[in-house]
Every structure is written in structure tokens, then in C-alpha cells.
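Structure in C-alpha cells, see below.
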Amino acid sequence: MPQTILTLSTRGQGLYEFTHQAEAFVSASGREEGLLTVFVRHTSCSLLIQENADPDVRTDLLAFFRRLVPPASDPDMGWIVHRAEGPDDMPAHIKAALTQVSIGIPVADGRLMLGTWQGLYLFEHRDRPHRREIVLHLST
Amino acid sequence: MPQTILTLSTRGQGLYEFTHQAEAFVSASGREEGLLTVFVRHTSCSLLIQENADPDVRTDLLAFFRRLVPPASDPDMGWIVHRAEGPDDMPAHIKAALTQVSIGIPVADGRLMLGTWQGLYLFEHRDRPHRREIVLHLST
Amino acid sequence: MPQTILTLSTRGQGLYEFTHQAEAFVSASGREEGLLTVFVRHTSCSLLIQENADPDVRTDLLAFFRRLVPPASDPDMGWIVHRAEGPDDMPAHIKAALTQVSIGIPVADGRLMLGTWQGLYLFEHRDRPHRREIVLHLST
């Protein structure tokens, strides 16, 4: 089955779209029908399918998660034990737990069956730049 | 591979069960073993497998998500930027991000391998009626 | 397609790793490539892929979820209706809704394509001991 590892470079917390890379992988396979599984090989970033129209939606999503899980340096987060990797690290693991590590997207007519407004994003939860590996796997 | 789009009509926020439609799709395929992938083509509703016994569980789930993510008109939500589509829209995107856009369910003996108390639900986060598309894809 | 049910015994809330059992299942199948779907047949426990290095990460994850969703006996949780099965039951359903019921993990060279620090866990949300069933399904 076609399979590849996609590497994305991130520059701090945010949503990084890779819908086009996923579409290109499916297209290059020549398959008309199937199931694309997207899997992220990390525990401090995650995957999200969200609206790709109004960028304010992404701004608000980031703001919500920052309010729900503030940095470990925040007075409300004094209970956090795991601090060795910086104040953004444990909140990153928590945000990853609250979102998805894998997503399955059906394919028809050689295309991902995403809705009109759906974009596929890597959700980076760390502050510093990272190289992130995403596995794309196309099955029947 | 068998694949179909199931359309559900929703009438406001709530959990809409479609276990029977998913079972019927698997049954009609004639397959004994496989993997059913359920994928929702929207960003303001999502998928949930939850208890189908005591309806109070669904009541409490809805109450929890409404408390965690109140409408944009709530005094606590003044930070929300994306307001053009109504006070329920941005909270809907957030609730969708906190739940699942796709679920994979193994099939054996021609049936979904759900636990005794598991029901499959569309989780509608918008107030007004919507027509929602769910892709059902059965692979090996 | 290879498929099995893995049974895990839990002893209260916590993260129970089963990466080795999932690896052993894939290895025994003799398949070099494919997709492992992991599905939990319950609504008061869930699945999580998280860091398997520093155990403090798991401690903090549990603490976060307990703070976000306290027991029904907590003064803040007076709104909970479903109380018949104990103060840990409804919070368990909510925590399950916030995490994942199924995860798809691609396989290459006969191994799960997990990242270096990724472990696969059953996330038990109930206080008393339980026997939990997890379906492992390997497709192409």
C-alpha cells in the first residue's frame, strides 16, 4: 500500500495546513477509492481538521486552547510536575491529548472526501521551531 | 470498497444516533470482516461514541460542553473574534476540535464490534437545523 | 484480516500501556505493511498515545483531566444528573468524549510507525477495577 512520511517545519504554536500535500500523495498513487490514514509521530503536537475559510476561526481555536491549558508558568498551573522541558511542554502534551493523533479520511474519485470548508492541519503546541513527521498511509 | 454518504437532518444542538444506519450499511455489503471508517464532512459538528442506555448521560455531556465552551454572547467569551455566523458558531468549531472527525470501527461476523453500551452519534453543535453528511467507508 | 480482542485489567484511574501487546500482534501476523486500528469497546475509558519517557507526564495528564472534570461529588459538579453509578461515572463518560475511542497506526517493516517517545495507553477513568476489551484490527 502507498505510504510516505511528510515532514513539516513549524515555527511556534499554530495551525499548519497540509491539505495540498495529502491530496498530492493520494493523486500520485493513482488510486480512485480508498482510505487515507494520517498519523502524527509526536506527543506535543497533534492533528486537526478545521475551517479553512475565515482565519479568525484558527485564531480563536488557538486562544481557546491557551486559555484552557495555560503555560506552566501561569499562577493557575502550579500543580504541573513535568517542567524540565520548558513552560510550554506539559501544556503541549495536554493539548495533544485533547485533540487527535490520527485521522482517517475516505477517498473517492481519486480525491479526499473533505467537506467544502475542511482543511487538514498540523496543530503545533510548542513554542520553538520543530520538524514534525506525519505518516500518510493509503489503504483500500 | 463499499462507500456511501449518509445524510442526517439535525434540529439544534444534541446527539443524533445513527448506529442502525451504520449497521445496515455493513450488513448490506455482505462483508464478514473489515473496518468501518466514519467521517463527518463538517467543522461545526463531530462524531461521538457514547452510552446508549441512560439518556441522562447525553444530557450531562451536552451540559458539560456548554459549560466548557459557552456561546460567544456569554460575558466570559468576550475574546472570541469570529462572530459573523452567530454566537453558537465559534463554540461549535471548538467543540468539534475537542471531539472526533473520524472513527474507525472493526467489523467481525458481519457486525460492528461495538461494546454492549456503545452507540454511534452525530454531535451537532449548531442551534439551527442542518443537513449533515457522514461518509461510511468499509475496507478490508 | 488479522483481528483479535485484547483484555486489560485496570485497577483505578490511570494510564495502562499496551504498546508491547499491539507490537506483538502485528509481529505475529507476519505482515510487513498495513494499518493497525485500535478500538476500545467501552464508554468510560478511552485511548491515548502519549510520552512513555518521563512518568511525570502521565501524572500531570491525570491531574489535568481530574481538574477539568472533577468527581460528581465536587461542589462545582452539582449540575450532573447521571449519578446512579457513583461520582466517578459521569466524569468518566466526559473524559472518554474528550479523548479517543479509536486510533489508526500505520505499519511499515513489520512494526508500528510510532515516534520515538510514543506509547499506546488505555486511559481508565473509573475508580474500581475493570476488565476492558480492546479490538486490534490489521488491514492492508
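Note that the chains are named A, B and C in the order they appear, and that numbering of residues resets to 1 at the start of each chain.
Definition applied: contacts are C-beta pairs under 8 Å (C-beta built on N, C-alpha and C of every residue); 3 or more make two chains touch, one makes a residue touch a chain.
Because the structure is a prediction, the values reported are computed rather than measured.
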Graph class of chain-chain contacts, one of line, ring, star, complete, other: complete
Given a C-alpha superposition of chain A onto chain B, how large is the rotation in degrees, taken in steps of 5? 120
Rounded Å distance, chain A centre to chain C centre (Cα mean): 20
Which residues does chain C have that touch at least 2 chains other than itself? 35, 68, 98, 100, 104, 139-140
Touching chain B in the complex: which residues of chain A? 33-35, 48-51, 54, 56-57, 59-61, 63-64, 67-68, 98-100, 103-106, 108, 113-115, 117-118, 139-140
Listed in rising order, the residues of chain A that touch chain C in the complex are 1, 3, 35, 37, 39, 41-43, 68-69, 79-82, 84, 90, 93-94, 96-98, 100-102, 104, 133, 135, 137, 139-140
